[in-house]
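Naming follows writing order (A, B, C, D, E, F, G and H), and every chain is counted from residue 1.
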Amino acid sequence: MNLGKLLKQVAKGEVSAVDAENIMAAHGETNLGFARVDLDRLRRRGLAEVIFCPGKTADQIVCIMSALVAGGQNVLATRATPEQYAVVRQAHAQAVYHELPKAITLRMVEPGPPVGQVAVVCAGTSDIPVAEEAALTAEVMGARLERIYDVGVAGLHRVLNHVKTLQRSRAIVVVAGMEGALPSVVGGLVDRPIVAVPTSIGYGVNFKGLAALLAMLNSCAPGITVVNIDNGFGAGVAAALINRVGEPAA
Amino acid sequence: MNLGKLLKQVAKGEVSAVDAENIMAAHGETNLGFARVDLDRLRRRGLAEVIFCPGKTADQIVCIMSALVAGGQNVLATRATPEQYAVVRQAHAQAVYHELPKAITLRMVEPGPPVGQVAVVCAGTSDIPVAEEAALTAEVMGARLERIYDVGVAGLHRVLNHVKTLQRSRAIVVVAGMEGALPSVVGGLVDRPIVAVPTSIGYGVNFKGLAALLAMLNSCAPGITVVNIDNGFGAGVAAALINRVGEPAA
Amino acid sequence: MNLGKLLKQVAKGEVSAVDAENIMAAHGETNLGFARVDLDRLRRRGLAEVIFCPGKTADQIVCIMSALVAGGQNVLATRATPEQYAVVRQAHAQAVYHELPKAITLRMVEPGPPVGQVAVVCAGTSDIPVAEEAALTAEVMGARLERIYDVGVAGLHRVLNHVKTLQRSRAIVVVAGMEGALPSVVGGLVDRPIVAVPTSIGYGVNFKGLAALLAMLNSCAPGITVVNIDNGFGAGVAAALINRVGEPAA
Amino acid sequence: MNLGKLLKQVAKGEVSAVDAENIMAAHGETNLGFARVDLDRLRRRGLAEVIFCPGKTADQIVCIMSALVAGGQNVLATRATPEQYAVVRQAHAQAVYHELPKAITLRMVEPGPPVGQVAVVCAGTSDIPVAEEAALTAEVMGARLERIYDVGVAGLHRVLNHVKTLQRSRAIVVVAGMEGALPSVVGGLVDRPIVAVPTSIGYGVNFKGLAALLAMLNSCAPGITVVNIDNGFGAGVAAALINRVGEPAA
Amino acid sequence: MNLGKLLKQVAKGEVSAVDAENIMAAHGETNLGFARVDLDRLRRRGLAEVIFCPGKTADQIVCIMSALVAGGQNVLATRATPEQYAVVRQAHAQAVYHELPKAITLRMVEPGPPVGQVAVVCAGTSDIPVAEEAALTAEVMGARLERIYDVGVAGLHRVLNHVKTLQRSRAIVVVAGMEGALPSVVGGLVDRPIVAVPTSIGYGVNFKGLAALLAMLNSCAPGITVVNIDNGFGAGVAAALINRVGEPAA
Amino acid sequence: MNLGKLLKQVAKGEVSAVDAENIMAAHGETNLGFARVDLDRLRRRGLAEVIFCPGKTADQIVCIMSALVAGGQNVLATRATPEQYAVVRQAHAQAVYHELPKAITLRMVEPGPPVGQVAVVCAGTSDIPVAEEAALTAEVMGARLERIYDVGVAGLHRVLNHVKTLQRSRAIVVVAGMEGALPSVVGGLVDRPIVAVPTSIGYGVNFKGLAALLAMLNSCAPGITVVNIDNGFGAGVAAALINRVGEPAA
Amino acid sequence: MNLGKLLKQVAKGEVSAVDAENIMAAHGETNLGFARVDLDRLRRRGLAEVIFCPGKTADQIVCIMSALVAGGQNVLATRATPEQYAVVRQAHAQAVYHELPKAITLRMVEPGPPVGQVAVVCAGTSDIPVAEEAALTAEVMGARLERIYDVGVAGLHRVLNHVKTLQRSRAIVVVAGMEGALPSVVGGLVDRPIVAVPTSIGYGVNFKGLAALLAMLNSCAPGITVVNIDNGFGAGVAAALINRVGEPAA
Amino acid sequence: MNLGKLLKQVAKGEVSAVDAENIMAAHGETNLGFARVDLDRLRRRGLAEVIFCPGKTADQIVCIMSALVAGGQNVLATRATPEQYAVVRQAHAQAVYHELPKAITLRMVEPGPPVGQVAVVCAGTSDIPVAEEAALTAEVMGARLERIYDVGVAGLHRVLNHVKTLQRSRAIVVVAGMEGALPSVVGGLVDRPIVAVPTSIGYGVNFKGLAALLAMLNSCAPGITVVNIDNGFGAGVAAALINRVGEPAA
C-alpha cells in the first residue's frame, strides 16, 4: 500500500474517507514514511493526535491531516502560519484558521454541547494569543469557556472583580508573562485546580519567559501546576481533562 | 490581646479551643508578630494553612500549630525534622509524625470516608519520600489513594502492568528523578490529568532535579503539568483539588 | 606609626579615641595592612564604613571597629556570628548584638530623633531576618521605621489592610522569597519609591532566591528597584538615602 | 456600550473627550476587550498608565491612547517603532516622537515647571538611548534633568569632573553596559540614591547585559539599586518618585 | 608551490588527481593558507577529513574538496546549503547533494558491500534530518543501515514493534528532541551500544535541545552515551566505529 | 508471600537461594515494597540490575542484594560508603569492597576468561576513582582491561607513548576533569570508539565538571561520545557492550 | 565651540588638523555630545582610543575618527561593516579596510620597524577572522607578527611542527573554538605568556563560545590567561603590551 | 623498579636524592602508579611541576614531593591544608607553610635575586589569600613583588595613590571579588599588562565569583586578561612569565 498516494486521493476526493479508513485499518502501522499517524489516540488519550506545525512543510501537514480525516477524527493543528493554512485550505476547504492562536481546526464530527466550565485568565494584552490557544484547545475538547483578559497584578481590583466566576470553574488556566505573579494571586483567592502558563512576554532578564516560569513553580499558593513557556495548547489539554473529571461519565 | 500567651494557654489546655477561637475572632488579624495565621483559608482555599517547617524554630511551629488548633482546623506540617517533632509532641500529644515524607499531622475533626481516587506513581526507590508527601497531602484533603512505586522506564513492563488502575484514577501524580521520562510514558498510555513531580535524585548534570524538571515541561505527551522539584506537597494539593472536581458537590 | 598596635591600645583604653584620631589624621592613609579604614566615608557617602563580617576573623573585626571608634564614628557590623560578637564584646563592652539580623552596633554619637518614614514589608516569617537587617540599617541612618510583616500575596487582604501606612512612607522596602510577587502587588497600590529585596527562601528551581530576584526585576509595576539576594543592608541604605531626600536640609 | 467604536470616534473628533469621559465613567471597567485601560492609575500610582508598544499593533496603541486622552491624561508610549508612530500621528496629530528613546508623548495637560533634580549618567555612546528613555520618563513625571554622558570608568577623570552636579541631585540614574562598573564608582563618590541600569551593550559572555546586571547587584558601594536590563523607563519612574520625596507636598 | 592554484587546476581538470597527489606528497604540510588538509587522516582515524561547511565560503569548500579528491579520498561535506552545493557542482560534477541531511558526498573509490548493522531510530518527524545525517555518515563509513522513524514515547507500541531489529544491530543511534526520553526506553529494551543524539526540536525551556541532552546524560538505563545537540554526524561516526569492532579484521 | 521476610531469611541462610528463586518466580513482580528487583534484566540487557547506593539505607541495599543473589546473579553495587559495606558484609560475607571506585561486588557465578580489550585512560591523579569505576564495571561485564593513568594534555609525550595500546583496544574510555581536552587528543590519534567521562575535578568556573563535559561534547575529533559527569559506571557499561560487539557470538 | 561642526570641517579639509587640535586643546573635555574623545589615551594607556563600531552610525564613526585625526593619532576601528567603511572612506580617503578582521585603519604617523615577536595561533579555518583581529591590533601597536593557522588538536603533529617559532615569541595568542583545547596543548609545550581567545565557532552546547571559554579558564597548563569570546582585539592589545615589556625602553 | 618504595626511601633518607635521580632517569616515564611526575617540566615550561593538593591524600603529596626533590627541583604545593602540611613536614623537615595562601614551599636550589617587578593589587581584605597565592607563585618564579592591598573602587583615591608604582611594574595582577570593577579602573590608568583574578567573595547573584569573572571579561579597558576564579596561582605564573620577557636573557 502506498499511503502517501492514498491520502492525496482522499484529499482530492478520489477515494472516500470510509474506504481509506478500511484500507488503512487493514495495516498495522499507519506509516507515512516521515510520520506514523496514531488513529487510536482519540480513544486512548481522549484527544486525537494534534499536528504541531513548526518545522513541517505545508505538504506534510496536509498529508497528516488527510490521514486523520480519513480516520474520521476532528483535527487541531497548532502554531500554523497563514502560509501553511493557505495550502491546507486548498486540500481541505472546511478547515478554519484562528488568527490569534494561529491554529487550524477541521471538524469531522458535530460536537455535543460544551460541558462544565474552564476559565482562562490572562495578565496582559500581549498574553492573549497564548490564552486563546488554551481556550481553543479546551473548547475543541468539549469544555465551556470563560475568558477573563488583561487583569494583571499591577491593578489588583481587576482580578478581584471576577472571583465568583473563577470559583465556579472546574479548572482555571492563568496566563502571564513578565514576573508571572498572577497565578499566585488567583491561587490565594479560590480553591480550584490552577494551570499556570508562563509567556515569553518581557525583556532583559525575563529570558523569554523563564522568569515567569520560575515564579510560577515557586508560587507560595499551593496546588498550582505549570506548563512550558507559551504552551497554551498543553494548558488547554490539562484543563479539559480536569473539566471531564466533573462529568458523570468520567 | 497577647496572642502568643493565649496560644500557649491553649496548648497547655488552660484555655479551651472554643474560647480561644472566640477571642481571636474578635480581632481582625491573627497576628503572632512573626506570622499572621490565616484561619479563614480552609473555607477560602479548601485546605487549612500548611506549616512549611524549614527555617522555623520548633517554638514557632508549636505556636502556629496552636493557633490552627485553636481555630478548630486539622494541621499539616511539612518537611519537619524529628527534632522539631519532638518539641511539637510535648505541646500537642496527638500530633503524628510520618517518617518517609517527614510530615506532622494533627487531626481536630474526624474526616469523612476518602472519595474518588488519586494514583501516586514513582520511578525509583529514592523517589518514595516525595511520593509519600504527595500521597499524605492528598489523603489529608480527603482523597482515596493508590500507590504504584518503583516503575521506572528502564523496565517498561512494570508500568504497563498498572494501566487499568491509572485509567480509573481521577488524577495521577507521577514522581521521577534522573531523566524524568516516566510522566511522558504514563501520559502516552492514559487520558487522565497528570501532575508531574521532578525529584532531586541524580548527580552531575542532573543539577539536583533540573534535568527531570526540564524533561517534564517538554513532554511530548500533552496535558502534563508540573510542580517544583521535590514538591510532593504541591502535587498532592493539585491532585486533591482535581479529585474534588469529580464529587457531586463540587 | 604602628597602627595595629595603636588600635589595640584604643580597644584596651590605653589610648583615648581623641588622641588616636589625632595621630591617625596626621597620616594620609589609615592602613591596617590587611585593610584601609575609610574615616572620611561618613562625610562623603552619608554613612560610616560598614564592616561586612563573613570571611573576617574576630580580631580583624575588632581592629577595624577600633579604628572607626577612634575616628568617632558609629559602627555597624553586618552578618556577624554570635562567636564573633563574643570576641567583639570583650574589646568593646558597649557593642550591642541584634539577633535576628545578626548585626552588631556601637553608638559613639547620640543620634537625633528619627525623621521621615521608611516602611519595611515582608512576605513570610522566614524573610524576617533580612527585613530586620534593612530596618536596623535605616534606623542607624536616622529613619523612622514602620514594620509590616508576613503579608504574602497568597492572602491578599493582609497587605490591603496597610495601604494607608505604605502611602505615607517616603520609601518602602519590600522583602520576599519564593516567587517574589509582593513588590508587584505593593507597586500597584501606592506611588512611593519601592526597593525590593529577594530572599533565598525557597527550594528547587528557586535557586536560592534567583527566582524572586528575576520576578522583581521583571515587575509589571514600574519604578521598582532591586538589590542583591538577602541584601537587607543595601536596601536599608537605599531607603535611608531616599528618606533623607525628604528632609529640608537635603 | 461599544467602547472600541467610542474611542475611534474620539480619535476622529466625532465625540469630544469630555463626552467620552462621561460615558466611560458610567461603566465600572474600561474594557477594550484586548485591554482594560486604567484611568485611575494617575491618581493611585502617580503616573498615568504607560503603553509598552512591543507586541501591540499600531491600532491597539491608537485605541489605548485614545482611551487615555479621553480620560484627560498625558500619554507616554515606550519602545515605539517609527512605523507605529506613523499610524499614531494620523489619529493624534499632536503626538511627538522622540527618536533616541523611541518613545511617543502626547500632552493633554500643561505641565508645571520641573522640580528638584535628577541626574542621568551613562558610560558610553551606545548607552545613550537607554539613558534618554530614563530622562524622558523622569521629565514627563515632572523632574528637572541633568544629562552627563560618555563618562565610562576607563577614563576616570571624566566622571570626577561632575561630582558636584551629582551631589546636588536628589536621585541619580547610572546607565552602563560592558562590565557595568560605573555605578560602583559613582556610588563611592556621592551619597545620593542611585538607580543603576545595565544595558545590553557588549558581546560574548556579556550575555546581552547580564554581566553588567550582576556587577551592579554585587556593587561594593552600598545603597545602589538596580532595574532590568535596558529598562530606562523603570529607572526614570523610580528616580522621579524619589525626586518627589523632596517636594514639600510629598 | 602555490597550492591554491594547484587545486583549482585539479578542479578544472588541468592537472590530474594523481599528478597533484605526487606534487603535494613532496611537501610536508598540505597548507591551503586558510586550512591544512589532512590527507593522512583516513589511514589514521578511519575516515577522511570531513568538511564542516558553516562559516566557510563556497570557494573554500571547493578548494578543500579538491585537495581531498587529489588525495584520492571520498568526500563528505556536512551542513552544506543548496547555494554552496550549486558552486561545488560546477567544480565537481559528480558531487551528490542529500537534501534531508544537507550533505554533499563525492565518491572517488567504489565502496565494498556494507557490513554489520547500525540502526537509526528517531522520535518525531522533525528529528529526521539529524537522523539522516547520522545514517548517511555511517553508510559512507561502510555500515549497513536500518532506519526506524517517528517512534516517540507518547506511543509506546511503536517502538515495541521493532525490538527484534534493534537487538540484531551492532550499534543503535537514537535521535530525539523535546524531553529526550526515547533513548532510556530503548536502553531498557535491548543490550546493544546506544548513541543518543538530542535535537534542537522544542521550545520554551527546551533551550534548543538542552532539555533533551540533559535527559540523555541522566538516563536511568546504563550504557547510553551522548553526542552534542543535532550532531548526527558525530553519532554516525561513533556508530560506524562500533560497527567495525564486529568485523573480523577489526 | 512476604518477600521482605523471605529475603532476610536468604541473607541469614535460613532459606536457600534456589528455594527462594522458586518462590519468587511463582510471583509475577518481585516487589520489595520500596523496590521491584528486575531478575530478568541480565538476560534482557546483558548485565544484572546494579545497585546505586546513594540515598539507600544499608538495609535496603542488603535486601536488594539478597534478591539478586537469590536470583543467582552477580552483584555490583556502586558508590557504596565503607559504612554501607560494613553492614552488607555481615549479611553477605563474600562481598568484596573496592576502595577507589567505592563499589561492592559479589560473584555468584564463576566468570569466564576476559575477552577483547577495553582501555581506560585518565588525565590526572584525581580522576582515578572514576576511571576505576569504569574499569571495574567493564571487568564485571567480561572485558579484559588496560589502564593508562595520569597522561594529561599538559605533558603530551605521555599519551603519545601509548598509541599502540590504544589502537589495539576495541573501546577506549577517556576520563578527564579540568578543561577535558584529553578525549580530543586521543580521538585525533586513533580510530576506535571513544567514551569520554568528564569528572568533577576543578574549581571556579569548572562548575563541578560542567566545563569538561561541554568540551567533550564539542570535541573537534568526531565520533567521541560522552556520559554524565563522574559516571564511570555508565562508561564502563558502554565500553563493555562495544567490546562484546567484537565477540563472534555477538 | 560647535565641535561636531569643527570635526566635519576637518574631515572635509576646511580646517587643518593642527588648527583643530589647538581649538580643542583649549577646551577641557573633548565632548561630541554623544561621545567624549580621549586624546590623551595614547600617552596614558599606550594605544589611542579605539572605535568599536557596532551600534554606532557611520556618521558617528566618521566624527570620532575625525577627532582622533585632528589629535594626530593613528586610528583603529574594529568590527566595521563594509557599509560603514564606504561612508568612512568618503571622509577619510586614506582609511584602509581589512576584510578578514573587519577593521579600518588610518595611519597619521609613520610607524617604526616592528619589534619583538608575537605569535598568533589558531585552531581552524573559521577562527581566522578573530586571529586576524588580534594580529592586526598587535601590529598597529608595533609588534612583529608570526601567524600559525589551522593547527587544531585533532591533528597534533601540526602544532608540534611549530614549537621552535612559539618558543621564540615574547607572547603567544591562541585562538580556538569548539572545545577550546589548543591553549592547553600549546601551554604544555612552551614557557611563554599565552593569551587564549575562545571563538564562537561551534553549535549546540557550545553556547556560542562558552564551552571554549570555560575550557581555557580551566586549563591544566598554568599561566594561560583568557579574554572574552571573539575578542581578538583585546588579545592583540594584551600581547602587544607584553611584547613591549621585552623592549629596552620598557 | 618499585618507584613508590624508592620515593619513600628518599623521604626517610635511606636513599640520597642524587642516587634516586640516577635511578629514575634510567627509566623513561617516572610513574608513581597514581601519578607520573614530570621532571622535565622545569626545563620545558619554566617552572617545575606544581602539586595541586585538594583531592590528594597527604601520602600522595609526600610521594610526589619526594620525586621532585629527588629530581633536584624546588617544590610548590598549592591549597594545602594544615593537616596535609603536618604530614609533609615529617617527611620533609625544610618544607615551609604559608598560611594566607595555604601553600607549601621547599627550596632545593638557592634562588638568585628577584628581577623586574610584578605588582599584586587587591580590592578588599577578603581577597588577600588569593592575592598572596599569586604573589608567592611569582616570587618562587623569580620576580620582585609589590603588594597593594584593599584599594577597592568604592574609595577611588586609594588606588589613585599608587599609579606610579603600577606604571613601573612589568606586569600587574589585580584581584577582586564582588562586582570585579577594579581591573577596569586600573586598566584605565596605566598601560602595563594586567592579569585579572576574580575571587569568590560575595553572595547572592555573585554566584561565587562568576559576577566578577564576567565583569573582568567584559572590561571596557582593553588588554586585560583573566584567569579562573580564585586562581591566584595561575595569575602568578602568567605574571612571572611576562616579567621574564623583560629580562635580557629572555
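Methods note: a contact is a pair of C-beta atoms (placed from the backbone, for glycine too) under 8 Å apart; a residue touches a chain by one contact, two chains touch by 3 or more.
Keep in mind the model is a prediction, meaning the values are calculated, not measured.
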Duplicate of the F-G contact set - from B-C, C-D or D-H, the pair where over half of the pairs recur: D-H
Centroid-based (C-alpha) most distant chain relative to chain E: C
Chain copies touching (chain B, chain C) - same or different residues, decided at half shared: different
Centroid-based (C-alpha) most distant chain relative to chain A: H
For chain F paired with chain H, centre-to-centre distance based on mean C-alpha positions, whole Å: 37
For chain A paired with chain H, centre-to-centre distance based on mean C-alpha positions, whole Å: 60
CA centroid of chain A to CA centroid of chain F, Å: 44
Residues of chain F whose C-beta touches two or more other chains: 124, 155, 187-189, 204-206, 210, 213, 217-218, 221, 228
Which chain pairs touch, all of them: A-B, A-C, A-D, A-E, B-C, B-E, B-F, C-D, C-H, D-G, D-H, E-F, E-G, F-G, F-H, G-H
Chain H - residues contacting chain F, complex: 28-29, 31, 33-36, 38, 41, 54-56, 60, 198, 200, 208-210, 213, 228-231
Chain A residues within the chain D interface of the complex: 124-126, 128, 149-151, 155, 158, 161, 201, 203-206
Residue numbers on chain D that touch chain C, as the complex places them: 44-47, 50, 170-171, 187-193, 195, 213, 217-218, 221-228, 233-235, 237-238, 240-243, 245-246, 250
Touching residues (chain side chain E, partner chain B) in the complex: 123-124, 152-156, 160, 178-181, 184-185, 187-189, 202, 204-207, 210-212, 214-221
